[in-house]
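This report refers to the structure that appears directly beneath it.
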Amino acid sequence: MIAKDVALDLYRRMVRIRIFEEKTAEVWHQGLISGEVHLYVGQEAVSAGVCAHLRAEDPVEADHRGHGPLLAKGVDMKRMMAELLGRKTGLCQGKGGHMHLFDRSLRFGSGGIIGGALPLALGSALANKMRRQNLVSVVFFGDGAANQGAFHESLNLAAVWKLPVLFVCHDNRWAVSVPKSYSTAVPWNAQRSAAYGMPGEVVDGMDAVAVYNAAKPLIERARRGEGPSLLEATCYRFRGHFETDNMAYLPPGELEEWKAKDPIPKLARQIVEQGWGSNQDLERIKAEIQSEVAKAAEFAESSPWPEPELASKHVFV
Amino acid sequence: MIAKDVALDLYRRMVRIRIFEEKTAEVWHQGLISGEVHLYVGQEAVSAGVCAHLRAEDPVEADHRGHGPLLAKGVDMKRMMAELLGRKTGLCQGKGGHMHLFDRSLRFGSGGIIGGALPLALGSALANKMRRQNLVSVVFFGDGAANQGAFHESLNLAAVWKLPVLFVCHDNRWAVSVPKSYSTAVPWNAQRSAAYGMPGEVVDGMDAVAVYNAAKPLIERARRGEGPSLLEATCYRFRGHFETDNMAYLPPGELEEWKAKDPIPKLARQIVEQGWGSNQDLERIKAEIQSEVAKAAEFAESSPWPEPELASKHVFV
Amino acid sequence: MTRELTFAEAIHEAIEQEMAQDSNIFIVGEDVQLLRHPLFEKFGEERVINTPISETAFVGAATGAAYSGMRPIVDLALVDFFAVTADQIINQMTKITYLSAGQLTVPLVIRAACGGGYGDGGQHSQALWGFLAHIPGLKVAIPSTPYDAKGLMISAIRDNNPVVFLEHKILADYWLFLLGGAARFKDAQAEFNIPAAGAKGPVPAEPYTVPFGKAEVRRQGKDLTVVSVGVMVHRALAVAERLAAEGKSVEVIDLRTLVPLDRRAVIDSVKKTRKLLVVDEDYRSYGLSGEIAATVAEEAAGSLEDFKRVTALDTPIPFSRVLEKVMLPSEGSIEAAARRMLK
Amino acid sequence: MTRELTFAEAIHEAIEQEMAQDSNIFIVGEDVQLLRHPLFEKFGEERVINTPISETAFVGAATGAAYSGMRPIVDLALVDFFAVTADQIINQMTKITYLSAGQLTVPLVIRAACGGGYGDGGQHSQALWGFLAHIPGLKVAIPSTPYDAKGLMISAIRDNNPVVFLEHKILADYWLFLLGGAARFKDAQAEFNIPAAGAKGPVPAEPYTVPFGKAEVRRQGKDLTVVSVGVMVHRALAVAERLAAEGKSVEVIDLRTLVPLDRRAVIDSVKKTRKLLVVDEDYRSYGLSGEIAATVAEEAAGSLEDFKRVTALDTPIPFSRVLEKVMLPSEGSIEAAARRMLK
């Protein structure tokens, strides 16, 4: 069981992601965002349930599908949307973009090379451990990344060094068009934690409360200095791999089946049933976020482009 | 239990390695071999016990400590020793050397990058599988290599593709000066096979008969097309990492303790006790090999150097 | 019989024709059953093999298969991902033939998309051929037209050595649709400045090869030599066109392969024009532009009066398209340099 | 106070002095508690950290620690192993500062041994600085004397960007003992042609820096400019010495850092001598020699009368020392080239 305020907080985090991502899709299709976008729609419960336990100073690393973790950690949507549009006012002044979102104030970073973020998360954890700060580093990655060498090296080294890291694997069943069932020799990546002597758990990533409860002891454990663990959350990317994915490779019915498990209405039902809040309360939250997202989009679209000189800055500091 | 001829065959393979390696050390210290040499003394039972099951066409890949597997597979010692001395008559005309031993006739290759050989072994196995040849690829590597990303990617892919590969890990407790107990988050790498849904076994690598019996079903399984497996053999490198290793980092007594388990006298005792052969028989084998090794060294030392033009050949064919 | 094919269709045809007549050829990589769906339909899962995201394992496996008698085509998706499997390419694949003194050969093609210009950010838009061409034992082919794409791919497949075949995303339309969302734009050609002659062109139906190490003079000229490769060849041609209207005569050389490099073609042209401009989409320093300069300096130092290079800056590739345009070479920056040299 | 130190002692002293006054500096890598034993004794296992053979994980961890406030020194053992962690270097470490628009900085040193000449084979003797210098966002330092070794290492440690510091095994004696078995030879100096001035030399006891991007003219001359780095600087000096006896005046420039590159020093010298010979131990094509040629061609094309390069061949490094001597540059090949240019 969880407390009322936790439930509402989880709901707010998920709605933040959902509405932001839907807006991002809209803007992308208008041609205002260049390149790829890998949206987080459908996976909201994972980032919400994990990030609800984090402090601003807890480092987070994410992959190409990184909007969820960043939004769940409480980023300023204006600067995030501006970055997606490549504007001067963006988090990285337009230099990073969708796959390279960095927010120093939240100790957040992301990248587009599969598996590339795992070793980096060890580094912030090592620094925090050396400085006796009881902070926890979290790294989000996909089921596809779990077959990269970096996964193996990072989990082993985190265990050997007993680092405060939580490895969160989005098991959304697919790596672009390749199913996890084909690419991964075991049913659950969580089983692989045994190869590193660390706890590993599978949780229903379509259930924010379940994720919240599963992540809690693992993060607390890391904070107490008892070492890393692996959390695998089953989930699904409702919009496909990226916005140009026609999903022709999906088995018939799979998408619908997963959409029926949408984590947001699910939590909404729980909230109302438990009497934690009314439908009006939830509508109010949505409305608030809708206007926050609208403002962010306006801000981004009306923001200036970076000045050309910026292209040659920041190579060395 | 094993048959008499198997026991004598294992004994011969081990003695071949031991005497060749002792000669190599001698020649190296004379300055006739340049660079590093990583000798196999102490680990003979592993290569002998595994290679006794192999056909000439079964591909074998090895690492920097690759003399054992190559000798156990039955290489022409003359050409091998000549290669170590960088001579024209060597396996690779002097271009490969100690860490890059290739013998096409035995489908043998080796390299000096830790973990680098594992993916290559998948390739020969894939080719053999595609051609419906029931051959088995064996790759030998160390406990240190098991923490390289290539280990993880290769075991997973071999399992996914159900390739005829046997992964043989020399668990000699050390990676240069770093103990396995420090670098590896689990006691046994064999446990890691569970992360790939393949069989994994630990065997006493100081006991040739034990290795032979442990490898047998795994190789037969692969030959039947039932997929890869992992065999971890506990063993020890009596001469240290390489010939310049003073082994100052070893816990007192560890080396002696392991030398007491020398696999060659151990098998000799078994042979005599079981009545498979007399001490004289064993001495005769030793004498034969001594002269084979002596001839190989003579051949190598009296062989010509490669002609300078060879330096620019074989970049492209 | 010659038809108009897109750049991507030309590559596909080359592979299909070769696979049809050599059963040792197979394709391996992530999502190949999707990306190469017609080949998957035709040749099946035994010869068009999906992989996990394990580049080290499957690139190494392809190498091992190659020296075991097969002829793999490794689909690396984007050249940026070479970095995760660099050891298998730098220290294994390209060294085995030499270190084994020719006992083992590695007939293998790495197919990868390269290049920027559509705003995909720092880890997905690189050229990186400067790295690849610096590796002994690796050939590097970079077509700029559908004709060359087919001919160079067939040469690559028939070569008994490792070859990297780079297809630029601005030319290979399906990449622009997948990664650039080209379908969003009313005029994708304008949006990405897609060179017509590179994206679509005449391609003979029958198999043919374009030889490695043979540059193509795309335009004859006498006042300035421009050397380039890939998409930038078309940018240079557009500039040459414009300058021709003003009576300035620019020669444009398309290298087509960086290894082997047709040094002779560059030297002969520079002896004629005495001025050399290298246009390179890869990072500026320690790469292609330097090698071209050294080539001329070695053999024709005396005849080189003026040398410039228009290249990607020595910076990572910025996401924002306004910055990307500054960081990558463009017709604007090429024209500016050419004009300075023609003064 | 200045004493004679070996090349290795100079590097050690630099690190020890910096670690003593900045507790954020730590060393991480395989076998560092053995290889850097005195530092391990002094600073303990919290600051001299052994690792598994997991270069991707510990190089990435060092990057993450660097932008989290630490100043790691990554001990990569041999530069050849860069390939297994290339992605962490090419796509992560060196891009983060730029892509984050300076929000994150990566003050990190990669220390690695490089070079051949002792018969250790194709995967353990490479130079590879051509690759490293081609990576935007990475500085590359290659000392040739104990004095520079200390000064460049201190500069590297104090730099707020990623720096690769390459120590040549022919200069760093402990590597020759470990990998070359130097102790086996009555006259190791002769066996490996160890340049006295590189292996041992005067080093101030107090901390000091040698600036990046500032080449050193090791020998003044007017007839020919030889540009090199690392051990080859000493080979070039030996040749210059010999030629001086015949009244030929050769200028020898030691670049010291490839990134940043002191282009001015090269250009000024060539304007004087009009002849340029680049000596490079790395693979020939698409590397250092090309970049130097381009530098001169850009700014002084007119004054360059003759250009040659003596480099490692575009082949893997053969094991047999008789072949290695042919494949790598040597005093013999340098002298031959210089004589041709001085005719």
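Order of writing sets the labels: A, B, C and D. Residues in every chain begin at 1.
The rule is short, and it goes like this: contacts are C-beta pairs under 8 Å (C-beta built on N, C-alpha and C of every residue); 3 or more make two chains touch, one makes a residue touch a chain.
Everything numeric in this text was worked out from a predicted model, so none of it was measured.
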Chain hops separating chain B from chain A, counting only touching neighbours: 1
Reference chain C; chain at largest CA-centroid distance: B
Whole-Å gap separating chain A and chain C, where each centre is the average of the chain's CA atoms: 35
Intercentroid distance (Cα basis), chain D paired with chain A, Å: 41
Per-residue multi-chain contacts in chain D, two or more chains: 51-52, 54, 56, 80, 83-84, 87, 91, 95, 98-99, 121-123, 136-137, 313-316, 318-319
Numbers and ranges of chain B residues touching at least 2 other chains: 92, 95-96, 100, 111, 113, 116, 147-150, 153, 156-157, 160, 182-184, 310, 315
Topology of the chain contact graph, where touching chains are joined (line, ring, star, complete, other): complete
For the chain C and chain B complex, residues of the former touching the latter: 26, 46, 49, 51-52, 54, 56-70, 87-88, 91-92, 95-105, 136-137, 139, 160-161
Partner chain B, residues of chain D touching it in the complex: 30-31, 33-34, 50-54, 56, 80-81, 83-84, 118-124, 177-181, 183-185, 191, 313-316, 318-323, 326-327
Touch list for chain B against partner chain C, complex: 59, 61, 91-93, 95-96, 100, 102-104, 107, 109, 111, 113, 116, 118-128, 130-131, 149-150, 153-154, 156-157, 160-161, 310, 313-317
Chain D-facing residues of chain B, complex: 28-31, 34-36, 86-87, 90, 92, 94-100, 111-116, 144-145, 147-150, 175-178, 182-184, 242-244, 249, 305-306, 308, 310-312, 315
Touching residues (chain side chain B, partner chain A) in the complex: 147-153, 155-157, 159-160, 182-186, 191-192, 194-198
